[in-house]
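Take a look at these structures.
Look at the two complexes coming up: chain A is in both, with chain B in one and chain C in the other.
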Partner chain A sequence: MSRAAWLRRYAALIRNAWLVDLQYRASIVLWLLWGVTEPAVALGIWWTIAGEGQVAGYARADFARYFFALMLVNQLTIAWDSWYLDGWIREGELNFRLARPLHPAHEAVAENIAYKARTAGMILVVWLVVSLVWPAVRLPLAPARWALTAAAVLLAGAMRFFISFTTGLLAFWTTRATAIMELHAGVSLFLSGRLAPLALLPPAVAGAAALSWFPYMLAFPVELLTGAAQGTAVVKGFAGQLVWLGVWIAAYHVTWTRGVRRYGAVGG
Partner chain B sequence: MKIRILAALWRLNLAEELQYRANFVASVLGTFFWIGTALLTLAVFFSHTTRLGGWDYWEVVVLLGVFNALTGVIEAVLRPGIGRLAGEVRSGGLDLVLAKPVDAQGFVSFRRLDIWRLADVVLGLALAGYALHRLGRVPSLAQLAAFVLALASAAVVVYALWVVLMSLAFWFVSVENLSVLFDAVYEGARYPVSAYPEALRFLFVYLIPIAWTTTIPASTLTGRLRPEIGLVAALVAGAALALARLVWRTALKRYTGASG
Partner chain C sequence: MPPAITADRLSKTFKVKVRDPGLKGALQALLKPRYRDVHAVRDVTFGIEPGEIVAFLGPNGAGKTTTLKMLAGLLYPTSGRVTVAGFAPWGGGPAFKRRIALVLGNRQQLVWDLPPEETFQLNRAIYDIAESDYRERLAELVALLELEDLLDKPVRQLSLGERMKCELAAALLHHPPILFLDEPTLGLDVTAQEAIRRFLTQYRDRHGATVLLTSHYMQDVTALASRVLIINRGRLLYDGALAALVARIAHTKRIELMLADGVTAEQLAAFGDVKEFRFPNAVLEVPREEAAATSARLLAQLPVADLSIEDPPIEDVIRVAFARGVAEDEA
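== the complex of A and B ==
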């Protein structure tokens, strides 16, 4: 298929997802609110612990910038696909999606783009307004850093999408696919930097995190944005993102081809 | 609502739930995972400080136990009951409830009992007890009585929060995921209110009263607050309940039905 045809298809899919979201904008605001509570609570606790001093080099303002950046990056990279897929597979809704001349993943990607454009836009506006009154969360105007962050966010978003999609596909074999995703979320609380910057974790835990894909989902793009990642850390970060993205694409490929072969749900 | 009806409803639920015994194992495993995560979270905080808002490690663990016990009540009764309200207002399913000759608020709130989740109550209290043991404290009879009163009040405050938040469904009909609002608010109850910046502390004690759900019961148990606070907690719970009832009544007047 030509590139123009793909562009047209994606434009239609994104437009469709955008209009669907428009009907549920109040629900989306609530999901957004729920998404920022965890980092807000973590920020509140670290704020108190830091007091007037520093925690491992992090003063109050550093924590504020870190967790604001985390809220934004998390919203831009979050993926709900495992929950959708789990439902589609168990209830047979996957059937009509398989009958379409387009792989169901494209619809999911389009939904992600529409949803994230809307919600990340909201967070950016709130961030801008907050930074007017609260200097601690202001970021320096550094176009090069922002461009790098955009690239890292794109890679992290793609990786989280493939993780979520692959885990959702486990519903071909088990009824507890979403439980596996929650387990993954529990581990990522520590290893992806949601609870604290990785530098604040015990060295053994931070060491284990460095061997996994978790830091590349969130911590790396967040630290690019705040400026904590510099020099070789940036190169290592992008290399890690590319390697793990490749691994998860491969995992997705295996799971999809094997899963669809054994799929036999009725209804839809 | 009449106790007899409640007993009948819960007996039916129980018979239903007993068919899914594997859910019990899944539920307990989930709780252990949650408690493990929460303890590790605390370990991270306490690796950089010796006290959190003036509380030491095991005091906060007592609070975590209380939090987990209340989570059990929420997941066993409130979420499967009143948590479904938003969807029913939207679909018009509430018509069926209103047509019944019982108090609608009572029926909506207590119609279901997911018995397995009550294991969280037991595990939470056990965790609080173990943390007390590690603190080397044996609560006096007065402290225990205050704790029971404060914990019961906490359950009432949590219930009132659910009623108020879910009543918003009558104004914002298209919002299916209203229960998320409760989760967002309750997230703040994981830590003692003194661990938050001043402005949030005020909010949690007076406006969104989640301080009364975990901080106060845990404080009675560890002796951080005098037992008399139990009576204050009961008063707060009474006020919250009355307010919730008022909001529910006002909200219900807006309901016009949508089912066919």
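== the complex of A and C ==
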């Protein structure tokens, strides 16, 4: 396959994803509200706690920047694939996908691109509008930092995709694949920096988080964007992302190869 | 020319978790799971020549769909060998998948919320079909399947029959030489069933495609297939022409009569087993080898307006074939 043919495939997949989205306009608004509400609530809590002082070095303006960056980075890296895959496998919708000359992961990647371009685009607009009236959430226009953040977001997005896809593949063995993903999401709420910057975690929890992939999914690219990550923290962050991405790609590979072998291809 | 499809001692065994009913059973299954082997397909061997239309027959759970899925590369065989279009399906990769189409009667690839043409366009990109080829093939499929009014309607608004027609079009845009169809007429009304059958025959005649289909509808089989494979409990019981199966299994023939006045059921009983009698129509069953002689006697001795000799209904023949297979299986 030529590169142009691959581009045509991705363009067609993304186009179809958007066309389906347009059929469900209300749900787009709801997902957008959800994407904004969670960080907004967390910000509200920390705003109150910080008062006029600081919490672990974070003043109100720092919290505001952190959660606005989080809102954007989360939408750019989030992956829903485990839910789709679970359905495909358990309800036999993987069948026709396996019979096509295109690995089902490509469809999932294209869906991710379509979703992220749409939702993150809208969040970016929300952020720009808010920053016009609220200077606290403005970020310095430093091209090098934005470029580094883009790379970190790409790695985090890839890692979250492989985590979600691999967990979804567990549906080859269990009917509880989505429950496992829910558990993962629950833990990530604390360890990836969704509820609070990692600097605010108790030392023992922060130590545990540092040994896992969670901080590299979200907290690292967010801190890169806000400027909280500097010097060796940047190098360590990228190294952690690369290592954990490698681990999850390997896990995906093993799970996929073994899973399709034991696939029961249920239903017609 | 080598066969389009060969299966050599093909077997598939599933491990199924055994669970007793109730909460205790659920707990036991969790703590100490027990499994049993289900032999879905056992030592199935056959070959299909290019351009043949072959029907897979069998009751629910016989192993038809499992075999089809192994041939299409979806399921990994437990043992045995398969070749489809020169490939081992499991390791064939994209080159193999471009040579097959898989249509599953109760699972669709059409995008539910969009008009069928969007799925066609997607498949055009996935299979890397040139624009001119795509236009030409789509025009052919639209004409053969009468799709012109359906292309821009969302799939969710189409009837079951319309969806199946579009499903076939989506599956055939890349012109695969081998078609695997699982229950392509499932749930369709008689007109839609006939349209699908007519299309499949035309498509095979035009493009020389090899077709392997499963169906519960005998009309599909009698109208389409030159050959049937009968499978039950995972074993292949019969491989050959439908007419030969009837001759082998059916030891009787049906004589269908239209009678003139004054004939009673008692009179008819002297000629054979009276299966139906509703004046003026009657059906007699007689031993196969006596059918011609009995017909001659009927015409000579009774006022017969019309007479025809038929094989027993194909459903009855198949039922006997399944029953014999089961009997052998249990012996």
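Just so it is clear, the second predicted complex is superposed on the first by the 267 of 268 C-alpha atoms of A that agree within 3 Å, B and C clash if a C-alpha of one lies under 4 Å from a C-alpha of the other, contacts with A are read in each partner's own complex, and residues count from 1 in each chain.
One rule holds for everything that comes next: a contact is a pair of C-beta atoms (placed from the backbone, for glycine too) under 8 Å apart; a residue touches a chain by one contact, two chains touch by 3 or more.
Because the structure is predicted, anything quoted here is derived from the model rather than measured.
Colleague: After superposition on the shared chain, which partner residues are touched by A:23: those of chain B (first), chain C (second), both, or neither?
Modeller: both
Colleague: Please work out whether A:143 is in contact with chain B alone, chain C alone, both, or neither, and reply first, second, both or neither.
Modeller: A:143: touches no partner chain.
Colleague: Scan A:231 for contacts with chain B and chain C and give back first, second, both or neither.
Modeller: In the superposition, A:231 touches no partner, neither chain B nor chain C.
Colleague: Just checking: does A:56 make contact with chain B only, chain C only, both, or neither of them? Give me first, second, both or neither.
Modeller: Only chain B; A:56 stays clear of chain C.
Colleague: Considering only touches as defined above, state whether A:9 meets chain B (first), chain C (second), both or neither.
Modeller: second
Colleague: So, does A:135 touch the first partner chain B, the second partner chain C, both, or neither?
Modeller: After superposition on chain A, A:135 lies in contact with neither partner.
Colleague: Tell me which partner A:195 touches in the superposition: chain B (first), chain C (second), both or neither.
Modeller: first
Colleague: In the overlay, answer first, second, both or neither for which of chain B and chain C A:183 touches.
Modeller: The answer is first: A:183 touches chain B but not chain C.
Colleague: Just checking: does A:93 make contact with chain B only, chain C only, both, or neither of them? Give me first, second, both or neither.
Modeller: In the superposition, A:93 contacts chain C only.
Colleague: Report, in rising order, the residues of chain A that make contact with chain B in one complex and with chain C in the other.
Modeller: 23-24
Colleague: Report the residues of chain A in contact with chain B in the complex, numbered from low to high.
Modeller: Answer in residue numbers: 23-24, 26-27, 30-31, 33-34, 37-38, 41, 44-45, 47-49, 55-56, 176, 179, 183, 186, 189-190, 195-196, 200-202.
Colleague: Per the contact definition, I'd like the list of chain C residues that touch chain A in the complex.
Modeller: Checking each residue of chain C against chain A gives 14, 65, 69, 72-76, 93-95, 97-98, 100-102, 104-109, 111, 113-114, 118-119, 121-128, 154, 182-183.
Colleague: Would you pull the chain A residues touching chain C in the complex into a rising list?
Modeller: 1, 5, 8-9, 11-13, 16, 19-20, 23-24, 92-93, 95-96, 98-102, 260-265, 267-268
Colleague: Once bound in the complex, which stretches of chain B touch chain A?
Modeller: 26, 30, 33-34, 37, 40-41, 44-45, 47-49, 52-53, 172, 174-178, 180-181, 183-184, 187-188, 190-191, 195-197, 200
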